[in-house]
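The following blocks contain the structures, represented as C-alpha cells.
Two complexes, one shared chain (chain A), two partners (chain B, chain C).
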Partner chain A sequence: MTATPATAANGGGPQNTGAPTRLAAMKVSKVGDRVFLGLSTGAAWLIMVILAGVAIFLIIQAAPTIGANWLQNTALQDRTSGFTLGYANFWAYVSPLLFGTIWASFLALLLGAPVAIGIALFISHYAPRRAAGILGYLVDLLAAVPSVVFGLWGIVVIRPFLGPLNDFLNTNFGWIPLFGGSVAQGGSTLLAGAIVLAVMILPIITSISREIFLQTPSLHEEAALALGATRWEMIRLAVLPYARSGIISSVLLGLGRALGETMAIAMIVSPKLIFSFQLLTNDNPTTIAANIANQFGGANLTQANALIATGLLLFVVSFAVNFVARWVVGRASTGPRRRRIPTRKASR
Partner chain B sequence: MKITRSGSIAAVALVGALALAGCSASTTSTTTSSAAPTSKVGLNAIDPSLTGTITAAGSSAQVAAQTGYSAAFSSVATGVTLNYNPEGSGGGRKDFIAGSLDFAGSDAPLSAAETTQAAATFPGGALDIPVYLDGVAIQYNEKDASTLNLSGSTLAKIFAGKITNWSDPAIATDNGGKALPSKKITVVTRSDSSGTMQNLTNYLAGAAGSDWPAGPNLGTLPQITGMDLQKGGAAVATEIAAVDGAIGGVDHSALTSGATVASVDGVKLTNAGIAEAMATGFAIKPNSTPGDLSGAFDYTKIKADTKAYPIPLLSYDIIPATFKDAAKKKLVLAYLEFIASTDGQKAGATKANSVQLPDSILKQVTATLATVK
Partner chain C sequence: MTTQAQTNYSPSAQRTLTTGRLPRFIEVWVAVAAIAAGALVFAGFGHLDYVAGWLVLGAFLYLVAIGILASIVEGRRRATDRFVRSLVFVAFLLAIIPLVSTLWTVVSHGITTLTPQFIFNPEKAQFDRATSETKLVAGVWPAIVGTLVITGIAAVISIPIGLLAAVWLTEYALPGNPVRRIVTFLVDVMTGIPSIVAGLFAFALFTLLVGPGTFNGLSAAIALCVLMIPTMVRASEEMLKLVPLELREAAYALGVSKWRTIVKVVLRTSVAGLVTGGMLAVARVIGETAPIYIAAGYTRTAFNADPLHGAMSTLAVVSYRNYIDPDPTQPAVTQAEAWGSALILIIIVVILNLIARVVAARFAPKARR
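Right after this comes the complex of A and B.
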C-alpha cells in the first residue's frame, strides 16, 4: 500500500490505463485519480459558477437603471459626461445601440462568411496538402492578433484604402440608400469597421468549416467523381449538403464574435446613437461593446450602471446566438460524425 | 565603429553637461528663494527619506505634466513612485469617489452631486486643487487659409452645425472680409467624454450666448449630422490633420507638429495668452467644502482683454480633506506641495509645454494643503 502513491507519481498506473471498462477504473481508485477527478470536477463547476457570477453581477448592477425614468435621474442627466443626457429611459438609449450591434455584425458576416467558407474549401479540397497546412495555420494565427492591432490597422490602412471606393460608390450608386449621404472624408465609416470585423471573424468560421468539410465521407466524394462530376460538382453534390448545418453553426459562432467585438469598432467607426443604414458617412450607428469602451472611462457611477445594463443585453443576445449555434452543431454531429473521425485523420 | 562610439560618448557628455547646467540653474533659483525668511520650498523642501507609491488617475491632459512633476520629485525622494493612469477626468473622479485612488486628476472640479458622494467616502469631503494650466486649441485643416481667426459666435455656429461651409460670410467677416472658397466643414470631436470639451463648451456658452444653445460644461459636443467622432484626443488631432476641411477642439498638449491652429477672437494660442486669461478671468469659487479651490473663468472679462487667449483649460488634482492613513497623507501632501511650488510648476510646464500657475493661486493652494488632516 505504501508503494502505491510512488507508483502513481512515477507517471504510472499502467494497470489503470489498461483497464477495460470505466467501471474497473473507478474501482481501482488511487490518490492521483481522486485528485485529478476532484480537480476536473472543480474546474467544471467553476465555469458554471463564473458564468452565473457574471450574470448575477450584470443583473444586480444593471437593475437600478433598466426600469428607471432617466429624465428624473440627475446622475444620468450629468452634463460633464453627457452620453446619457436627454434619453427618457433605458430602452430609448439602448435600441440604437442594439440596432448598430446587429447591423454591423450582419455586414461583417455578409462580407466575411463567403470568404471564410471559400478559404475553408480551398484548404480542405483544392490546396496541395502542404500548402493547406500552412494556410490553415496562418488563418488560425489571425485569431491571435489582438483587436487593438486590428483597430490600428483599420485606421492606418483600411480607412485611406477605402477612400476612392467610398467616393466611387457614392457618386455612381448614391441613389441606393446604403451608399447615400455625404461621404466621410476621413473614412471613419461603418463599411471600414465591417471590413475589419469581417477579417476578425474569418479564423473562427474558416477553422470550423474546414473541419466539417474534411469530415465529408470520402465514399460520397469518390462516388460523385466516379459518376463523372467535376471537382466543383463534387463539392456541390457531396460536400456542401453534408456540411450545411456545420457551416451555419460556424457562421453563428462568427456572429457571436462579431457581436462582442469592441476595440476595432470603437477605434475605426465614427459613432452616433442613431438608426441608419448608410455605410459611407460619419453618421454611423455604433455597437453596444464599442459604446461601453468609449464611454465607461468618463461615466459616473449611475452611468456605469446604465452601460452595464447595455452589456447585460449584449450578454443575452450573444448567449442566444451561441446557444443556437451549439444546438445546430449538436444536431449536425449526431450520427455521421462518429464514423467520420477515422476518415478525417486519414485525409490529413 | 570607433566614430560611433566617440560620438555616443560625446552625446553622453553633452547630456551630462546639460543636466548639470539644469541642476545648477534650479539650485541657484531655490537658493535665492530660500534666502528669504520663509520655510523651504520646491525641490529643497522635499524630504529625501520619503518612500511609497502614489496611485492616481484621471485627466489625460495632465499626464505629461504629471510625468514632469513626478520625475523632478523622485529625483530627490528616490523611493517615491507615481502611478498615474490617464483614463479621463470623469473616470478619475469616479474612481476617486469609489476610494481606489490617492488623488484624481480632473479638468473640471467635482460637481455638486460628486461633492456629496465624496463626502460620504472621505470624512470632511474632498478638495479641488488647481495644478495645471493650458489651453484648448482650435485646430483646422483648410489649405486656403494659412491663418484663420474665428469669433466665439462663429465657432459656436460651426460646432452647432449652423455654419457648414468655409465660404460662409461669418467666417469672412472674422477674417477681414476675405471669403474662403466653398468647401464643406467637417467638425471632428471626441466620441468619449473629456475635460477638453467641457472647457470648450464653457467658453462657447460664456462667449457666444444664444449661438450656443447647448449650454456649458458638456463632456461631449451635441451630435450633429456629418460630425466626425474619434476616440481620444490624439485621434482627433490626427483626423483633423488628415481630413480636408476639418476643424475641432484639441487639447494644446495633444497637438501634433505642423498642425494649423486658429486664433480665437483675434488672439493666437500662446502660453503668454493663456497666462493672461488666467490672470484676468479666473476667480476661485469654492464649493461647500472648507478650503476647496474650485473656480471658474469669466469669459466676458477674458474677451475684453485683447491679449488673453479665450479658451484656457484649468485642471485640478482632487484630494481627500482628511486622510485615513498618516503615511499616505505625508506622501501625497509632499507631492502636491511640490507641484504647487515654482520648481514643480516649472518641471510640469517644461515637460507638457503648458503654462505655470500664477503665484497668487499657488499661495492659496499651499494654504489649503496646510489644512488637510
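Right after this comes the complex of A and C.
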C-alpha cells in the first residue's frame, strides 16, 4: 500500500522498476502469458517494421528515377502523358514542387496558426467552463470533416468569396509582388488553397495547444491574478511562458499536416510547376502531394516511379518536421515541467 | 507640496481601483454598431450582397472600436485585456464559420440527390430502349460498399495491432526500456505521415509483390492501416494509462496471471475508451481520398465488392473524381454523385463521432470507479 503513492508520484522513478519485473517474471511461466506477451511484443515491433517498410518500398520504387538522366528515358519523355516531358533530371522536376509545398504550407501556417492559438486560448481560459467542452468538440468536429469535402467547399464557397477581394487587392496593392500579376477569373488561386489549408490545420494546432494551456499550474495563474493582473496579463505572465515549447511544437505539427495535405491544393488551385510568389493568378506553384494526386491516374509506370520519388521526398521532409516537433515536445515534458512539479509540492 | 505633486503626477494611478468602467453589455452594442457600419460601407460601394465581406469588415471595426473605447474610459491595461478577449472570441468565430459553412454547403447541394434509387441501386449503366443507348445513372451504392469493405479490412487489421501494441507499451515494457521509447516516438512521428505517402507505399508494395499496376481494395486497406495503427495506439495507450494501478495489484494479489489480468481487468475497465478510440480511428480514415485513389484506382461504372481483384471506388474518391473530371456527356449525373457521396460521407463521419461521444460519456464514469 505504501508503494502505490510513491510509484504514482515518481512515474518513472527507480522504485517502480522492481515490482513489475518480478511480477512479470513470476507469471510469464504460463502458456497464455507467453502467447499474450509474444503477441503484444510482436505488435509493437510490427510498427517499427511498417515504418521501415514504408521507407524501403518507396526507396526501391523511387531509386531508378532519382539518379537517372530523364532526357534519355523514353517513358519519361512520353508525349501522350507528358507531365515529365523536358525535365533533365529528378531534381529539376521536384524543386518547383518542393518550393510550392513549402510556400503553400507557410501561407497556411501564417493564416491558421494565430487563429488556432487564439481559439485554444478562448476555449481554455475565456469560455465559460461548462461551454468549453462543447466548444472543443466543435473544433474537433472540424478535424473530422473529410478533406474532399473541404475541397468541394473551397471550390463553391471560398473561390467566389475571394473574387471581389482578389480584384480589390490586385488593383490597390498590385505593386506588392504578392498581389501582382493578372487576377485569375475562375478564382483558382493559391490564396484560396492556402485559406482552405489553414482551416484544415486549425484543429490539430488548437487541440494540442489547448492541452498545454490547460496544464499550466493553477498556482501560477492564481498568483498572477492575486497580484492584480488582468486576465490577459495573467496569460502573458503565467500561461504563455509555460506553454511556449508546446505552442512551437503544435505549430510544427500543423506544418507537418499542411505539407502532406493533398485535396485542398489539388482541387482548388490551378497547378503549374513554377517558382512564383504571386497569390492571385492562374499560374500557381503546386505541391508534391497535389501533383501526385493530379498526375498519378494518367502516369505510365516509369512516371509513377518518378511520382513515388517525389512522394519519398515529401515523406522525408514531413518526417523531419514531425521529428523536430516531437523532440521539442519531449524536451519540454521532461525538462522544465519536471523542475516545476517539486516546487509546486514544496509550496503546499 | 507632496499631495499636490501626487495629484499632478499620477491621477490615473490613483484611480485604478475606482476608474470608470464601460457598461456591462457594451461589447454587444459595439458589435452591432460595427457590423452595421461594415454593411453601410459595402452598401456605399454598392456591394451589399457581399455579406461575408461586411461581416469581416464589421469584426475588424469592432476590434478597433472596443480597443479605443476601453482605452479612453478604462485605461491601457483594461483596454488590452478587453481587446484580447474580443480578438480571441473573433478567432473562435473564424473557426466555427467554416464548419457551419462546410456542412451547410454539402447538405444544401447533396440533399436533393439522396433518393433510395441513388443510394441502393447497384446498376449504374442503364439501357434506354427508346434510343437504344446505354446511359449512366447516378448512384453511389458501389462506392458505399467499397468504403465499407476497404475501411472494414483496415479496421480488422489495425485495431488489434494497435491495441496489442498499446498493451505492450503500458503493461509489459518498463519505463526505461529503450525499445519502448523508440516505439512511442515512432508512433508519434507516424501519425504525421502524409496520407498520400501511405497510398504510394501500398502501391509500391503491391507493384513489387503482385505486379506493376495492381489496383485493388486490399491495397487501399493496407494504405489505411499505415494511417490508422498509430492513431489507434495513441488512443488506447491513453485509455490504458487511466486504469488505476491498484486494480492490477489487486488481481495479482489474488493470484491471477498477468494476461488474464490484462484481458479481464485492464481491458475490461477501459473498454469504453477503447471503443471510442477505435471509432475515432475509423472516422479518421473513412474520409481519406488520396491514398485510396492511388492504391485502389477508380471505376466510374463497375460494381466491385471483391477487395482482391480490380479497382474499387469509395465515397471520397467518387466525390473527388466526379468533381475534378466530370463526364462531359452527362454532367448532371457526375454533379449529383459528387455532392451526394460527399453528403453520405459526412453523415457517416458525424454518426461515428456521435456514437464515440455517447459511448465515452455513458460508460467512462462507471469504468473509472
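Quick note on the criterion: the second predicted complex is superposed on the first by the 298 of 348 C-alpha atoms of A that agree within 3 Å, B and C clash if a C-alpha of one lies under 4 Å from a C-alpha of the other, contacts with A are read in each partner's own complex, and residues count from 1 in each chain.
Methods note: a residue touches a chain if its C-beta (ideal position, glycine included) is under 8 Å from a C-beta of that chain, and two chains touch if they have at least 3 such contacts.
Bear in mind that the values here come from a model prediction, so they are computed numbers and not experimental data.
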Overlay on chain A: chain C relative to chain B, clash or fit: clash
Residue contacts on chain A - larger count, chain B or chain C: C
Touching partner for A:M267 - first (chain B), second (chain C), both, neither: both
Which superposed partner A:L202 touches (first chain B, second chain C, both, neither): second
First, second, both or neither for A:F83, with chain B first and chain C second: first
Which of chain B and chain C A:L110 touches, first, second, both or neither: neither
First (chain B), second (chain C), both or neither touched by A:G297: both
Contacts of A:S182 with chain B and chain C, given as first, second, both or neither: first
Contacts of A:A131 with chain B and chain C, given as first, second, both or neither: neither
Identified clashing stretch of chain C versus chain B [25-33, 133-141, 169-177 or 223-231]: 133-141
Set intersection of chain A contacts, chain C complex versus chain B complex: 155, 266-267, 293, 296-297, 301, 304
Contact set on chain C toward chain A in their complex: 47, 50, 52-53, 77-78, 80-81, 84-85, 87-92, 94-96, 98-99, 101-103, 105-106, 109, 160-165, 167-169, 171-176, 179-180, 182-183, 185-198, 200-201, 203-205, 207-208, 212-213, 225-226, 229-230, 233, 245-246, 249, 252, 257-260, 262-263, 283-284, 286-290, 293-294, 297-298, 316, 319-320, 323-324, 338-339, 342, 345-346, 349-350, 353, 357
Chain A - residues contacting chain B, complex: 74-75, 78-83, 155, 182, 184-186, 188, 266-267, 270-273, 281-283, 293-301, 304
Chain A - residues contacting chain C, complex: 4, 7-8, 11-12, 16-17, 20-21, 23-24, 27-28, 30, 32-33, 35-37, 39-48, 50-51, 53-54, 57-58, 60-61, 114-116, 118-119, 121-123, 126-127, 135, 137-142, 144-153, 155-157, 161, 164-165, 199, 202, 206, 230-233, 235, 253, 256-257, 259-263, 266-267, 289, 292-293, 296-297, 301, 304, 307-308, 311-312, 314-315, 318-319, 321-323, 325-326, 330
Chain B residues within the chain A interface of the complex: 87-91, 93-94, 97-98, 108, 111, 113-114, 117, 184, 186, 188, 191-194, 198, 215-220, 223, 225-231, 235, 239, 242-246
